[in-house]
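Listed after this line are the structures, all set down as structure tokens.
Shared between the two complexes below is subunit A, which pairs with subunit B and subunit C, respectively.
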Partner chain A sequence: MTAPGHPQARENRSGLVGQSVRRVEDDRLLTGAGVFVADRNPDGVLHAVFVRSPLAHARITSIDVAAARRAPGVVAVITGAEMAEMTHPFPPFLMLPGLYTPLFHALSADKVRLVGDPVAVVIAESRYLAEDAADLVDVDYEPLPTVASIAEALSPTSEPLWAKAGGNVMMDHTDTFGDVDAVFAAADRVITERFDCPRQSNQPMETRGSLVEVDAATGHLTIHNATQSSHLLRWAVAALTGKQRTTTALKRFITNKQRRRAFFAGAKQFVGTNRDGLKEQDNAGPLAQLKKDRSFLGHMNKIAVGLLGKDDYPTVKAQDIGGGFGSKGPVAREDIALAAAATSLGRSVKWIEDRTENLMDGGQAREESLTVSIAVDSDGTFRAMRVDLIIDQGAYPGFPIGAPLITKMMKVMFPGAYRWDAFEIRSRVVATNKGRYIPYRGPWANETWARERMIDVVADALGMTPAEIRLHNMIGADDLPTSMVTGPSIDETMSTKQTLERALELIDMDQFERDRVAAAASGRRLGLGIACYHEAAPGPPEFWDCIHPGTGMLTPEEAHTTVEADGSVLVYTQQMPHGQSHETTYAQVAADELGVRIDDVTIVSGDTDRTPFGFAGTGGSRGGPIGAGAVRTTAREVRRQLIESAAGMLEASPDDIEIVDGNIHVAGVPARGVTVAEVARRAADDGASGDLHGAPFEVADVYNGAGDGGWSVATHVCIVDIDLGTGLVTFPRYLVVEDCGPIIHPAVVDGQVRGGVAQGIGAVLYERTTYDEDANLQAATYMDYLVPTAMEIPEIEVHHLETLSPGENDFRGVGEGGMVGAPAAITNAIEHALGARVTTQYLPPTKILELAGVIVPG
Partner chain B sequence: MKPAPFTYHRPETLDDALDLLATHGDDAKVLAGGQSLIPLMALRMGRPGHVVDIGRIAGLDSITVGADGDVTIGALVRHEQTRTSTDVATHAPLIATAMPWVAHRAIRSRGTVLGSIAHGDPAAEMPAVVLATEPTLIARSSSGVREIAAADFFHGYLDTALRADEILTEVRFPAWSPNAVGAVVEVARRHGDYALVGMAAMLTVDGDTISSAALAYFGAASTAIRVPDAEQALVGATVSADTFDAAAAIVSAELSPPPDIHASAAYRRHLAGVLTVRGLSAATAEIGADA
Partner chain C sequence: MTADRLAAEESAGGSIVDVALTVNGRSAPVRVEARRTLSDVLREDVGLTGTHLGCEHGVCGACTVLIDGQPARSCLLLAAQVDGAEITTIEGLAEPDGTLHPIQQAMMQAHGFQCAFCAPGFLMSAVALLADNPQPTRSEIREELAGNLCRCTGYQSIVDGVEIAVRRMNGDSSGGSS
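Here is the complex of A and B:
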């Protein structure tokens, strides 16, 4: 459903981009021919099972593995202490003022910090035998007082999880923009409310899993892993499993030719590529130039590979992956333990996480407390906002991205699409005896939830409607370009206000009011909720440096496009598809640029030996703007080269030549053409062979999205229908008006939006990672952690605006927004329906009836 | 998530199965549809040394209607079979009414009706249907046959009158009275989940006067449970909203459902009352329409 007649709606495109073409992935996935980690069972593979702590917080006083080692089929049992001898601890990734980042190993040796903390790994000939032996590992624990909540973690008397952290507050930092005190003092009113979001979990259909294959002759590791970022995993395994003394590492660097060669090749390439920049008079030095280096990542990879602790760098191969939602981006302790175990045994080892392990420590998210104060004038004009944010990061920090960086994302995005004179946010991160807090689809999303909730609270206090107060304060087209109070520039791609206006046109408010009265007469309550946001997808060039200086260096992304001698097109990406349809959408983009058929294009991903280097993998709504931008840039150059080659054969000027369906010809004269395959064959016969893949045509380039506004925006409006007898909530209507710019594949975009909304519905009505007061996990199976099914999800209308951006590549990301907007729209609708203040994000039937005053809180 | 080691038996005859149970006693578990037992074993919450699979035993998979309209269901009859059976719809309609609430089709296609009864989950539908309709439960062991009254069958949480050496081979539901009406209603967090609270109701009605009532609740106690005081309030009363409200008030006052992470005790008590009214209204909807 597009928005006909909208002034900025895009003209229908010719070609593949913009069409819901049949998905390339579907034949394979829908016939069960996909290959997931669990499907790989090489001969003689061993199976790993982790022995996990039954207690949330305890000292390990002894561990006896003798009986387990004697058990049938057991090849090895490795304890935490033994693992610490084999591996480095996970290093701090982000240096922030006032942040304590603990060092921790793949397995715990002295102390356990959550239910499910791995203390040993059993390697046996089958998963059954390994589980039997794991039962025989005898661990003596001395229980410690538990820290089960943010409130307990803030208490100075709580038992510290990390001795050197000085309590359980890991970070306490305040960012201020503008003269907040003065603006607050001058405003007519200050309204404050606290919002709490309980813990949730990313729940991909496929759990985590890894198969580490060891080449018997060379010892080389090939890791098949359900990872969102194969290069990151490769680096982490190389760095953390090659434990040796610094002096040994230096000595090896000096004596190892391969390492020296890699290091100097990277340095030389960097200097070569950046010769002019480094010579400039105003140059601030090599580090400043590093940020401008278009091939920064590739150069740094070569340099760092030379310095790493391992002589041989593993190959990571990821193929089909059954979802991640952020949970397969971080490198897990189990990944490192498994690689170390396989290395020490010289045998292939496999681990497929079971659902209970996944619910214990496969990644949890969103547990945040947010106190929001808004200074507002009597006419409803927002003046300033103050936020006190506390994130419960659980026991171990997510690696590499965890709560500290997410506080910075929330800092930048909290003001939303509204005008403010000043803004301040205090961010604290606390440690508790719970699972690892990691990014979950729209990791910053609770800024939208708390802000949009708070705006309704303010509207209520001032006697305005939620729509009125938003329209009054929202940045509109007339205000652009401008900047957010937190730094990032915003341009016409920040079309949130247009999406709100369009959404309001689509809702018949008079009819809603009539339905509301009718429902009230039959014991039901109807409510309508609105939520608006913009998200960086990828955001303007300075966006990541606004979050934290230096992180912008990770934005650029490389792609390779080749034409093989048979005319087939291969596109190599560092993206790691796990449900986003890259194989289709990137083929659409490349085929359109090149003028070939979609069937001629194959997307290559996941194999670190073949794909371009990049840490980001798939995440952060980058696949459309950055990844597809890199594909488009390289495909465009390949097309230029093909036409140049064909020009001689056709005796025509390149300017007159076009490529249609793989046929290269003078425009309008298709009969006198040559095929892409013929041109490629001739080039190959002439000896053309690229450095990277040996193809006759080969283009590698890095794309950084620079010049694009890069905002993806939406307004969600939902109507809830609440049964006061049962507390059940249904959705007579849920609509999203979104603008992610030009759409590559409408069905994929709609699917992303609907999937995100479904997870938002899950967050509010079904999903909660419940711990009891002693930090025991109460939702360790799918009987208790409730993921909504198709039966619980209503029809979700998706309407599109397609605002063009000024940049070269105007695709914008859409992977996260559905999840960002939904919890706010739903909780706003529920507050509207019940006329009772909603301050928690989780509203099961009991809570609904408590809010409605039907039952007494227990 | 793999079960602890166990010995698997697949006897071809009922006698062989009963002999195995007699030999292994508490260390053996009967496997029929496996929809409760297998997950418990995979989580290692159940660790039987012996599993006796009765799936190959002939003669246990039939639904038979007796001369006076009673319906006998065998140990291997799947839930889905009763959902689609015209005999069940005609002669034991409360079972058919309960079926759409039972989990999902995939589970109903494997899980057995008698397995659900023998497992005795307090939040499952079939134990409440048993309490409401009062069938005779027939248990066999190598030492003989026992008939157990419905009221005596459920002892506590996942605990029934069945002995470790017995198999629940048949359940015989009494003939459905021409004056009987019934309903099964429940609320679950998601479609197909175990109920937060549910109710199976059977009434007999003469004209618009209720002549007997059985109200059985699930998810409301450590077993499925009847509320006799509410039933007595209904008997002799006319079919009306006031009558149902009065019964609901008694139900809410008398039940003490347990809280868990999915719902509070107060919610469940309230819901039991709401479902009482809704279930009785649904059961008597056609009577109201006729009147």
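Here is the complex of A and C:
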């Protein structure tokens, strides 16, 4: 519950916030009445199957689709070359200093760069018939040498994936904070270790999928898609499929007065609200891109002109989405190909990714090498840190967000909750013949893994305990206000030290030591691991500009709150819920703010025709701090307007009026009130009708979020029990002490934390996207990619601190942290148990037994 | 259109079969391709999309249905193989008057799921478990549910939900607190 006396608690009139109320979503999801994209089967829909490369790296010398086109039930086969005629390539989205972003099309025409690269799409009356015909597509490949690892990609003799990149290093940039050389020279000791994290995959239980419906009369596209960001997909499809002659497009733009007005008004508003952000943009990124490849200029011009000349952008919709964990944020090549195919055929087309496709290129993550040096004094005081980071981004860059931006997030977060005099990170991104590297829950998480792993290494070298060295160096309440060495300011919400202290209180160390001795006597090893982190959720106001100047303008989020003539409340959000329970938590926030019952509130999401614009969708732990903040501020204004309207009817001053359970009355005199519905009906009868949704009460607002309490933090402590006979690791105890500020819905928060920890356990002990030395995918089914089950995931204890900040909307994000902390705590515990250095994040039983000296590395 | 689909299948040399299914107590005769999976028939021909497809190779368990009371992966069966069988899907769990099955009520109380894409499989597996073993221990519940994958929850809330259902079905109407 929210602490009594806190401003939010005082305003929680019906007090729903802080309670695990019944989930609104469950009524349909527990009865089979949910509607996921695969559940939509409109009459006459066609089914798409992609023809994919069996080779990791090859030139396409010929492609013969004649037999496939003749196959029964086939309506069309579109090759890569044909698709390139219909669509623009994916352009570089965020050009960063030292980065080259290759351009690529929805389907590959000349060259394939990974196993699973789509080279054609078959569209038929059923998926079965489309699969049959896909087998008849005859592609001749001329194999090229493959690039299967970071080491190979760094070699100057490796076969370049991208002709204009000048090798396979796509980005190389160093960020320095403070006089690193001097601090390193002055420190008592320098300790260095390299950590490698193998490839993992997001693996939501629902794969990606899209149904593109074409309106026969107008050609308008309605795209039902399992996307984390509906507006991003809408604009990406409009941009990349809007291919037309420049003169035609310009003429259409000039002659369409409404379109022209909307464009200039939008541009004016954008420049007006983002003046500071735009000033901070520098040219280093675009210049780095230009040096290697000027082609993006022409393509971006054509895309821009195409957008201007387009009257009709698609509608993107989704009701239920079966998880994402970052993988449904990026725009997929298949999304573009499907929209282009449906447009050209004038018929509705559906593609539901299968699990093997999802494991091949539905999103992979975390393959990173991190060499960390810490300069430390003999008393354990951290002085400076140097990091050499290399990310393997696979073949095609994630769009719009991939490895390059994630290096910047890691740059800012790497120092963690500790004091440093200086910090430096060299960030490289390499291309290999593997699946797309994309954001996966806590995309920057390996900074926490490598740092927290390294801190244990340093503690070991200095003869300190992991807890001692952390407490000695961690920023505490006495240090405030302060800043991270990488820039972001730190306030009282950065309570990592309190979570560590609380976690240590909850562990009986003496008992653990006794258990440890007893276990050793029966062929088992116990170990205890600690990991601490803080994450920006949403972060202080300057956070995104510390990541990259100018990106701060991407953070604000809009919401609309309306009261309909019947008194029902609708809240419109650009968020795209895919498991986070927004329909419940946002209704709690809005109902409390307005003073109505939760059943009177409906959350509207997943429809670009109705919801406010925003590219962010759901991700980045933004749902609590920014999305719910926008709900709160708009609901608060609606409440003010309701009271103002009611004041006349009640002949009372607005200051004396309150709203309780939908009844508006003078405080303490509920019997002489009017209902929200009566006030709304009267306003509607008087002709009140909002511009956006036509409701009698209607408020739209953009909420910035930043500054209202910035950090979400936690300490994870786990105890591992390792069987030296089998190499299996179990968890007698897994403990999380987290602080995401006041909690809207405790069961939802606990679920987010536990789900994240489960993915961290999977990452360390079970899951690996394995490729062989020729970049052939070895884990293409769930027989090989091992998602942990109820037998592998332990009970996870979650404890909460609820540090309050002075901000008006103090909810802080909680979606990502579980996954951020878990790999570090687990690998630290395993090193402690085995007394052997752990430098990889993937520790299956064979690796455990090797580390334990039971078996000899093969 | 189904007719176009079947005509194309026949011209491709595929067989069309008549299958008599009883789904959730109702007769559901279908005329489908011999190679059509039970899951596709349930979802697209019978129109019950509550049964989900997560992997289509028998590991994730999202497509679990009851066939003559026994849990089975509907993605690994052809509809033609279960001609004459009685099938229960998630849509058949609630009473005809809409009263939810105790496992559904319990999952609601426990906040068992998040995205709930996996929920149909877990619910059917749990119903089968409770039919076989009305008073399973927590570790038995975990073991029985290990044939179903969930990516959101870390399973704890789902196991909590089954425990509440056990209590409800054994006469404790409150189900206790989770």
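Definition applied: the second predicted complex is superposed on the first by the 792 of 858 C-alpha atoms of A that agree within 3 Å, B and C clash if a C-alpha of one lies under 4 Å from a C-alpha of the other, contacts with A are read in each partner's own complex, and residues count from 1 in each chain.
Assume contacts are C-beta pairs under 8 Å (C-beta built on N, C-alpha and C of every residue); 3 or more make two chains touch, one makes a residue touch a chain.
Here the structure is a predicted model, which is why all the values come from computation and not from measurement.
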item: Contacts of A:Ile507 with subunit B and subunit C, given as first, second, both or neither; value: neither
item: Partner chain(s) touched by A:Leu471 [first = subunit B, second = subunit C, both, neither]; value: neither
item: Touched partner set for A:Leu554, first subunit B, second subunit C, both or neither; value: neither
item: Subunit B versus subunit C as contact partner of A:Thr789, first or second or both or neither; value: both
item: Partner chain(s) touched by A:Tyr766 [first = subunit B, second = subunit C, both, neither]; value: first
item: Which of subunit B and subunit C A:Leu30 touches, first, second, both or neither; value: second
item: Touched partner set for A:Ala165, first subunit B, second subunit C, both or neither; value: neither
item: Touching partner for A:Ala67 - first (subunit B), second (subunit C), both, neither; value: neither
item: Partner contacting more residues of subunit A (subunit B vs subunit C); value: C
item: Subunit B versus subunit C as contact partner of A:Leu154, first or second or both or neither; value: neither
item: On subunit A, positions contacted by subunit B and by subunit C; value: 128, 132, 354-355, 781, 783, 789, 791
item: Complex contacts: residues of subunit A adjacent to subunit B; value: 127-128, 131-132, 135, 354-356, 725-728, 766, 768, 770, 778-779, 781, 783-784, 786, 788-789, 791-792, 844-846, 849-850, 854-858
item: Touching residues on subunit A, where the partner in the complex is subunit C; value: 20, 22-23, 25-26, 29-36, 38-39, 41, 43-44, 71-73, 124-126, 128-129, 132, 203-207, 320-323, 325, 352, 354-355, 578-581, 747-748, 750-751, 754-755, 757-759, 781-783, 787, 789-791, 793, 795-796
item: Partner subunit A, residues of subunit C touching it in the complex; value: 1, 4-5, 8-9, 11-12, 14, 33, 35-36, 43-44, 48-57, 59-60, 62, 89-91, 93-94, 100, 104, 107-108, 111, 113-120, 123, 141-143, 145-159
item: Touching residues on subunit B, where the partner in the complex is subunit A; value: 1-5, 43-44, 187, 189-194, 196, 259, 261-267, 270-271, 274, 278
